[in-house]
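Multiple structures follow.
What follows is chain A paired twice: with chain B in the first complex and chain C in the second.
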Partner chain A sequence: MAQVPVQTIHRDPQLFYWILFPITIVMVLTGILRHYATVLMASAPKKLDQKTMREQRGLVHGINVRGNFHTLSKRSFNARRDALITAYESGAYLKDPENQGQPPPNPLSDPGSMEGMMGMMKNQMAMIIPNTLIMSWINAFFSGYVIMKLPFPLTIKFKSMLQAGVATKDMDPRWMSSISWYFLCIFGLQSVFNFILGNDNAANQMAQQMGQMGPQTAQMFGPGVDPNKQFLAEAENLAVIDHYSVLDNVEDRLLKSIRV
Partner chain B sequence: MSSEIELQIAPIVQESLMHNSRTFQNLQSLTASLFGVSAGILGLESYSGFLFYIIFSLLTSVLFYIIRVAPTSISSGKKPLDTSRYFLGAVDFWTGGLMNGLAGFILTWTLFYGLVSA
Partner chain C sequence: MAPSVFRSPVQLPPAEALELSKQAPAILRSSANTASTSAIGAIFSAPEKPEEWITYENLILSSLRTGDDKAANQCLARLVARFGENNERVMALRGLIKEAEAQNDGELEKILKEYDQILSENDTNIPIAKRRVALLRSMGRLSDAASTLVQLLDFSPTDAEAWSELSDLYLAQGLYPQAIYAEEEVLVLAPNAWNVHARLGELQYMAATASGADGGSYQKHLAEALKRFSRSIELCDDYLRGYYGLKLVTGTILKDSGKPAKLTDEGDFVLPDTKTIERLNELATAKLAEIVRHSTAQDRGWRGYSAAEVAAARELLSEDSSSGIVR
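For the complex of A and B:
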């Protein structure tokens, strides 16, 4: 069995001080900067006028009654349900009752929704700009250096990714260049940020992208949603509830639990 | 229907559950980085390194169970190795940390392997 000789490459130990540590430190500091930039740029929720607030809270009230009906007695649940359904169907909570039945306004023309989009744009920018800058910084200064050896073997396919800028044909794909250290940092620094900044930090863009992939939370009061339709649907939801209370048969359960 | 009623009689508080799992995840990602440091210093390569990681992250879960979960969970009448008093999903508790900390482990493993043995 022919043993493939282990490749050794003699590298200047100064590579660690001038490439590895600068990249790592810059990555950590960018993460911290990104976290604080996100905190600073987060726009405070806009103050709503009284009518809008009443519309939203009216709907939330209905949803809460629907979700927690089991803690109410039958009588008080019925009273709440009847009051809510009448109010919903008559449109008593609507912001502007004369708009009932008209198509919702174009969300692009509403200034309130523009602000939300601006916030999203800002977040995207805070992610994209540092990444491009660091990528081009590493490419400009550090491309072409082999700095480290991965502790586990990889197939030949990874060669073009890990050794970008190092055009050596027979080198083991375990050797990696500075740009691949950058990618390792992107994926692996989340635990460091957890340690420095606390758990719900905005430092790592990978984690944020994962979050965006996840199920989108339904926009309840977003632009383009007809509140009247929401009210009518909620009235229907309330009407079909088959009421029971957690206190039904509680005396039986008590007796069962104390029987010896 | 009956299980729904049971849940309403003894409700589960989402916030506490999230706090529990978040604390556990924090511990896992932190220890994964430290395992990477030790694997790199020991100079482990390929399979032995990943084996090291799997064994020690499972050990973390077991220790977490023994020290933090077991005392109150067993005295409240749960079976041994049952984490349902504090966590939803047993598989998630025992093996969730493996995926959670893998990236951090590889990063510190590579770094210290490069620093020590290269």
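For the complex of A and C:
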């Protein structure tokens, strides 16, 4: 079987200095810039007014009682449960009790939630604009030729990814073009940013997108959630608890576990 | 543990607080005023650490305790330079310094008015609301302080610190059921805090031994105190206060075990049988003796106990042995 001869392409060594380094440096600098832009644009967390705070913490209080009921004696737990259920069902904790039973307001018309959306928009823009600019910059200047050979073999499928912009059928997929170096930088610079900016940086958009795709953090008090429904559900949760106490037989457990 | 500027100095004995506040000038000198106002400067200066600001806060507290108002004001100036005048925590710290510097009741009244003013502008400024409670308490207006705290807890019922303070306020007024209720709320928020379990046990014991407790509630309180102390030891098996309380409670129960056990409602805790109580008493006595012995000898791993608590434990033990001889 004939060996396939190793492909050699004679490249100008200057390619390395004039393309790889510039792209990498530009990517790092944009990351840093994006981090500081996000920091500067971040709006201060919105202050809650007393009624909203009461509504939210009232609910959290109920959740705490439900979660930690075992620390209480049966009598104290029952007292709390009765008080909380009555308050929840009558809407005593609601921000505006007269809205009880009405559908939640449209999140778009609520100025409070608009602000949150603006914040998200800002973040998205801080990602999209630099990416578009850099990609078009790379396409305009460095497209159409390969710049380096990867030190490991790859299958043919990688050709379309690594040799974007180089339409040569027989070239080994190990050769890569500048645009693929750009993609590698997008995915691979996270640790560099961690090193420069610290762990909680906003430089890498990939990390942010991962965060968005991940399990939706429970939007407990987000716009469009009807607090009254939450309270009623919580009242039901409290009502069905079968009480036991961690103090039951604690002295026997203690005598068993501790030897002098 | 050695006193550190990173830990809140609230619980420190006076000598250690003094030692800490003596470090204040050195710390203030060594760390330059790093809060840079320009954005460019912020990029190139070393990244700020949260520890720095915690240090300043703790230094303020310990310098105020030792009367070093100048250092406290310098620390406050650093915090103001970094976080601005209107930061809630900074406002509370400034109020604290003013309270400490006030010479007479008139000035305290004035500070109280300032707090009211701040709260009328922003009624969710929790640090200031808490300062107001503390000020009312230090002025001796306990019931005012308690009602203010109840208002705060109405819109923020998930604040363990506030519940704990409320419990203490009620206790100072002798309102045991209320104090117990508030302490239970702390437990709801921090279910595994062994010190809170022990504290609740102490409250139950106090409620039981206070005059006016009738037979049924006496038994009920003692039973729950015993269980609370047991739970506290179960969570932290060398907790001195837990053993101390357990010994005290079991001793009390054993002493008047002649009283007939009243039938209690379902839902209350019942006392375990006498044999178990005796074994618990023995366990607590043995453990207390062990702790006292090791900590007096300054053995490795037994050094964290507060001297006062060890002394109290020793006293309890010696009391026990002397009464044992009489019996």
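In this text, the second predicted complex is superposed on the first by the 253 of 260 C-alpha atoms of A that agree within 3 Å, B and C clash if a C-alpha of one lies under 4 Å from a C-alpha of the other, contacts with A are read in each partner's own complex, and residues count from 1 in each chain.
In this section, a contact is a pair of C-beta atoms (placed from the backbone, for glycine too) under 8 Å apart; a residue touches a chain by one contact, two chains touch by 3 or more.
Just so we're clear, the structure is a prediction, and the values are computed from it rather than from any experiment.
Model built by superposing both complexes on chain A: chain B and chain C fit together without a clash. Legend: residue contacts after superposition of the two complexes on their common chain; A:S73 is shown touching chain C, with no touch to chain B.
Look at A:G58: by the touch rule set out above, it reaches chain C but stays clear of chain B.
With chain A as the corner point and C-alpha centres for all three chains, the angle toward chain B and chain C works out to 80 degrees, nearest 10. Once the two complexes are overlaid on the shared chain, A:V246 sits against chain B and chain C alike. In the superposition on chain A, contact is made by A:Q190 with chain B only, not with chain C. A simple residue count on chain A separates chain B from chain C, and the partner touching more is C.
With chain A used as the common frame, the shortest Cα distance separating chain B from chain C works out to 7 Å.
Comparing which residues of chain A touch chain B with which touch chain C, the overlap comprises 70-71, 246.
Residues 11, 16, 20, 24, 70-71, 147-153, 181, 184-185, 187-192, 194-195, 199, 244, 246 of chain A touch chain B in their complex. Of all residues in chain B, only 5, 8-9, 22, 25-26, 29-30, 32-33, 39-40, 44-47, 49-50, 101, 103-111, 113-115, 118 touch chain A in the complex they form. Considering their complex, residues 39, 43, 47, 122-124, 154-158, 181, 184, 187-189, 191, 197, 224, 226-228, 230-231, 233-234, 237, 265-269, 272, 276, 279-280, 283, 286-287, 290 of chain C touch chain A. Residue ranges of chain A in contact with chain C, taken from their complex: 36, 40, 47-51, 53-54, 57-58, 60-61, 64-65, 67-76, 78, 80, 198, 245-247, 250-255, 257-258, 260.
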